[in-house]
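The structure under discussion appears below in the form of structure tokens.
As written, the chain order gives the labels A, B and C, with residue 1 at the start of each chain.
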Amino acid sequence: MATDILMPQLGESVTEGTISRWLKQPGDTISKYEPICEVETDKVVAEVPAVVEGVLKEIVVSEGETVEVGTLIARIGEVGQVNSEQEVQMISSPSETKKKEDAVQEKEDSMKHRYSPAVLRLAQEHQIDLAQIKGSGAGGRITRKDVMRVIEQGNSQPEAVSTPDVESPITLHKESKAPERKEENPSIAQRKGTKPSTLALENGDIEVPVTAVRRTIANRMVMSVHEAPHAWLMMEADVTGLVSLRNRLKGEFLQREGVPLSFVPFFIKAVVDSLKEYPQLNSVWANDKIILKKRINISIAVSTEESLFVPVIHDADEKSILGLAKDVHRLAQKARSGKLELSDMQGGTFTVNNTGSFGSIASGPIINHPQAAILSFESIAKRPMVQNDAIAIRDMMNLCMSIDHRILDGYLAGKFLSRVKERLESYHPDVQI
Amino acid sequence: MPVMSYIDAVTLALKEEMERDSKVFVLGEDVGVRGGVFRATVGLYEQFGEDRVLDTPLTESAIVGVAIGAAAYGLRPVAEMQFADFIMPAVNQIISEASKLRYRSNGNWECPLVIRAPYGGGVHGALYHSQSVEKIFTGVPGLKIVMPASPYDVKGLLKAAIRDNDPVLFFEHKRCYRAIKEEVPLEDYTVPIGKAAVKREGTDVTVISYGLTLHYSLEAAKSLEQEGIDVHVLDLRTLVPLDKEAILEATAKTGKVLIIHEDNKTGGFAGEVASVIAEEAFFELDAPIRRLCGPDVPAMPYSPILEKEFMLTPEKIATAIRELAEF
Amino acid sequence: MSELKHTALGLTDDQVLEMYRYMLLARKIDERMWLLNRAGKIPFVISCQGQEGIQVGAAFALDREKDWLCPYYRDLGMVLAFGQTARDNMLSAFAKKEDPNSGGRQMPGHYGDHRYRILSGSSPVTTQVLHAVGIAYAGKLEKKDHVVLTTCGEGSSNQGDWHEACNFAGVHNLPVIFMVENNKYAISVPLTKQVAGGDIAARAKGYGFPGVKVDGNNPLEVYQAVKEAAERARSGQGPTLIEAVSYRLVPHSSDDDDRTYRSSEEVEEARKVDSLVVFKKYLMDHELLTEEKDQEIVAKIMQEINEATEYAEKASYPAPEDLYKHVYA
């Protein structure tokens, strides 16, 4: 068996050596510890002795060449021996590969809800619901990169992110029209609360898949009810004058302006004017403080068959009945045709809900989070009322309001609602709009 | 620009500074006629004479103590400890004297001294020619501690250390001496003390290291490219004063930090780096801060098997990075 | 001491009176510090008492304009002779901001003053002996002719640094004077348990330079030895070791009680040959000093010390934020 002679390390920091001279030639017999060559390094010049006895079979590194420590420089064979067995090649053991596969299969989601400080911070800063993200880390952990990816994609595709101050029914609606994007973004889980239901189905039951829009509405309603303690109050308004006024104007209005004149612009106007008197109602809860919003942006609930959208009339306080009528019409059209834009959905500070349009006479609306209150205008109906100690037939309407009791108390809410009521009652057929 | 080894850069820096400033002189065991046991001072004796390239008696405390006196007088001595392992007899002079001279005299005296010491293992140096000793000094304010990894930094940092008005411990990794080569300008330049350097940009895991393990880290990072793991590597270069800003920046790159050094783990400098991150970059963290260090055994044994077990390698580092990447 | 006359050593009458004044000043400052300590005004005192003759004798033998000192913590007489004042030392005792040694950072006795080439010292003993060698080597490199005097106690002369320093200076033939102030006690441990052979001066032989032993209670004898050593050093003949023998008249420090390890009789005997007693007698014998004149000198010194004490007591402490200064340049 041949013995490999390697470049020795001559000195503690030395990493290479130069063969300055071979003292033996191939075929020469060598006794143990007999010098075979001279090596020069930065630190020393030294003779390198043979570590075995035998015959110098081969010189690998010739004189003048510099090689790294550990490099093969020559081979010494036994006397009369031919090249024989080679080193046994290492074969990677199959059991090890198996182990690795097992480990992959054992991957579970024990870390799914272990959030790192960076992940929590990013989620908060970008208002990301971590439950929506699929973790790529060990044990299903959501990594910082996972969140960053959502943020990055969210910037160009805001619909990928659910943020509380973006009224997201529409955003998700949009996304549902572009399912291919979800595939691009595998780290986002199906939707919030996608835990399979454990309810048993009975014969004849029909399973209706929850759409993205429905899911979002569900989530937002849960969030609002969960976070804001709701208080509810109702007042009754005599809108006989308003009804007469509208009846007088509506035909001419439609003809002249091209949009119908509903009661909604009057409701909004009454709300806006009253909000100016009571800015506490135009506010949001921000944990350590209450923020009184300067702008008055009225969210209006618009229903379609399967969905509820809440687009916003921005700076409603700067608008006339005509302007409001046009905005209401425009937004309702857009909602029903699925053309609402992100900017139509953002920034609401108070919500007006026209529940009367479908015949309701009383409702307990859920606040449009994170606003302070929501006001429902119920059906207008003729009722016998006592007026000046006589029975009169009047057009009556209930005003139902839910407030976030963290921000508001009944007293202030009552004052506000009274002012809305007074304003609505002050209309009469001769008012100019 | 010539390619030179780490140790050639040491020699060049010394030569240039001695040419530039007659107040610079070197002293130590075998630094004169022999040019140093590692040949770091080779040629200096011939060029500058025996008074400025002083062969001292075999007394480490005296080498440092005498250097402190000369520095206080106004010279700029560069003292060589033959091996960092042998710095121990001089520790009293370094900690009680050099580090405190300015402070204890309320700024009336200063100590512009450089102590060079070859450290580190992987050279079959056994227990007393392989140690990393930085942790003895990193907790001693008044000292600066420089641990370059590459020839360019060696030259620039050693020149900066010589010009610095405070005592600087300049630790040179022996394994790097002849193994690490790169282009080094022949022009005069310095590398600022107290500044770390990003050696590689990455987004998955941040490795913070210095000295030999910095090179191993870069090797590991290269090999992990194929696995799609993108490693960010920061070379501290100076331990004291510590470039906290660079550490925080590097942490923010990935949120996953692996600190690597050859010095043993308990009490090692990685603990300090980790503390800085935990204190000041908590909300950047996406994984526990990890340390990969020399084992907590007294020193590196002679037997090659034991030495290998002690030493960090690119493979060990790659494994640690991979674990963190997968976290 | 009668055989040694100051005039023969080249000292004028005024110079020897000045030496006496410095010795007295050192003693009186030291005594004041003990009073302040016992009155609870300063936390710590370490004394020069009994060694003033060595310190002042040595200082006068040097060139006080260019030579260097690496003293130890008892060398009050020496630093006064090199330029420090009673006020400087009171500021140090009270740890006030103006303390020139350390700005109130170090204990009293840890001298250091760039103005007078007195290198700042520490508490671990004999580290300064190596620094002295370094300053001497720097002088050689810079072609200066300064001499460096470094001192320590006899107990400290056992430290490795002391031996390393003597050997280094011997090998390189450097202008250093190693002076051991042998006051017979290293805190509580007497000379016999500290120094093998009992003779420190003899150790010089091993380092290849002269070692001389002198009576530390006689400032003129110390002056002569240091003068010769300085001349040797300045003329390139290398170092000298001087062992100056005296006695520590008070406890090691204000925190020590010497009655636990030595008899009061022994201390009383030593007081009889105290350098201040001996030197005063010499001056009076040679009609350079009278009791009247002595009282005049003492009165002036006391006035100086009173003023210094008052000043230092009223002086400002360092500000809390000074803690963070001068860690690095």
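Note that in this section contacts are C-beta pairs under 8 Å (C-beta built on N, C-alpha and C of every residue); 3 or more make two chains touch, one makes a residue touch a chain.
Small disclaimer: the values here were computed from a predicted structure and weren't measured.
The most distant chain from chain C is A, comparing centres defined as mean Cα coordinates. Here the chain at the heart of the shown protein, by mean C-alpha position, is B.
Mean C-alpha position of chain A lies 46 Å from that of chain B.
With centres set at the average Cα position, the gap from chain B to chain C is 41 Å. Taking each chain's centre as the mean of its C-alpha atoms, chain A lies 77 Å from chain C. Contact residues on chain C toward chain B in their complex (touch as defined above): 68, 70, 99-106, 110, 112-114, 119-120, 122-124, 127, 129-142, 160-161, 164-165, 167-168, 171-172, 325-329. Residue ranges of chain B in contact with chain A, taken from their complex: 7, 37-39, 118, 123-125, 129, 174-175, 177-179, 203-204, 254-256, 282-287, 326-327.
Listed in rising order, the residues of chain A touching chain B in the complex are 9, 12-16, 42-43, 116-121, 137-138, 141, 143-145. Chain contact summary for the complex, chain B toward chain C: residues 25, 51-52, 54, 56-57, 59, 61-62, 64-75, 77, 89, 92-93, 96-97, 100-110, 141-142, 144, 164-166, 241.
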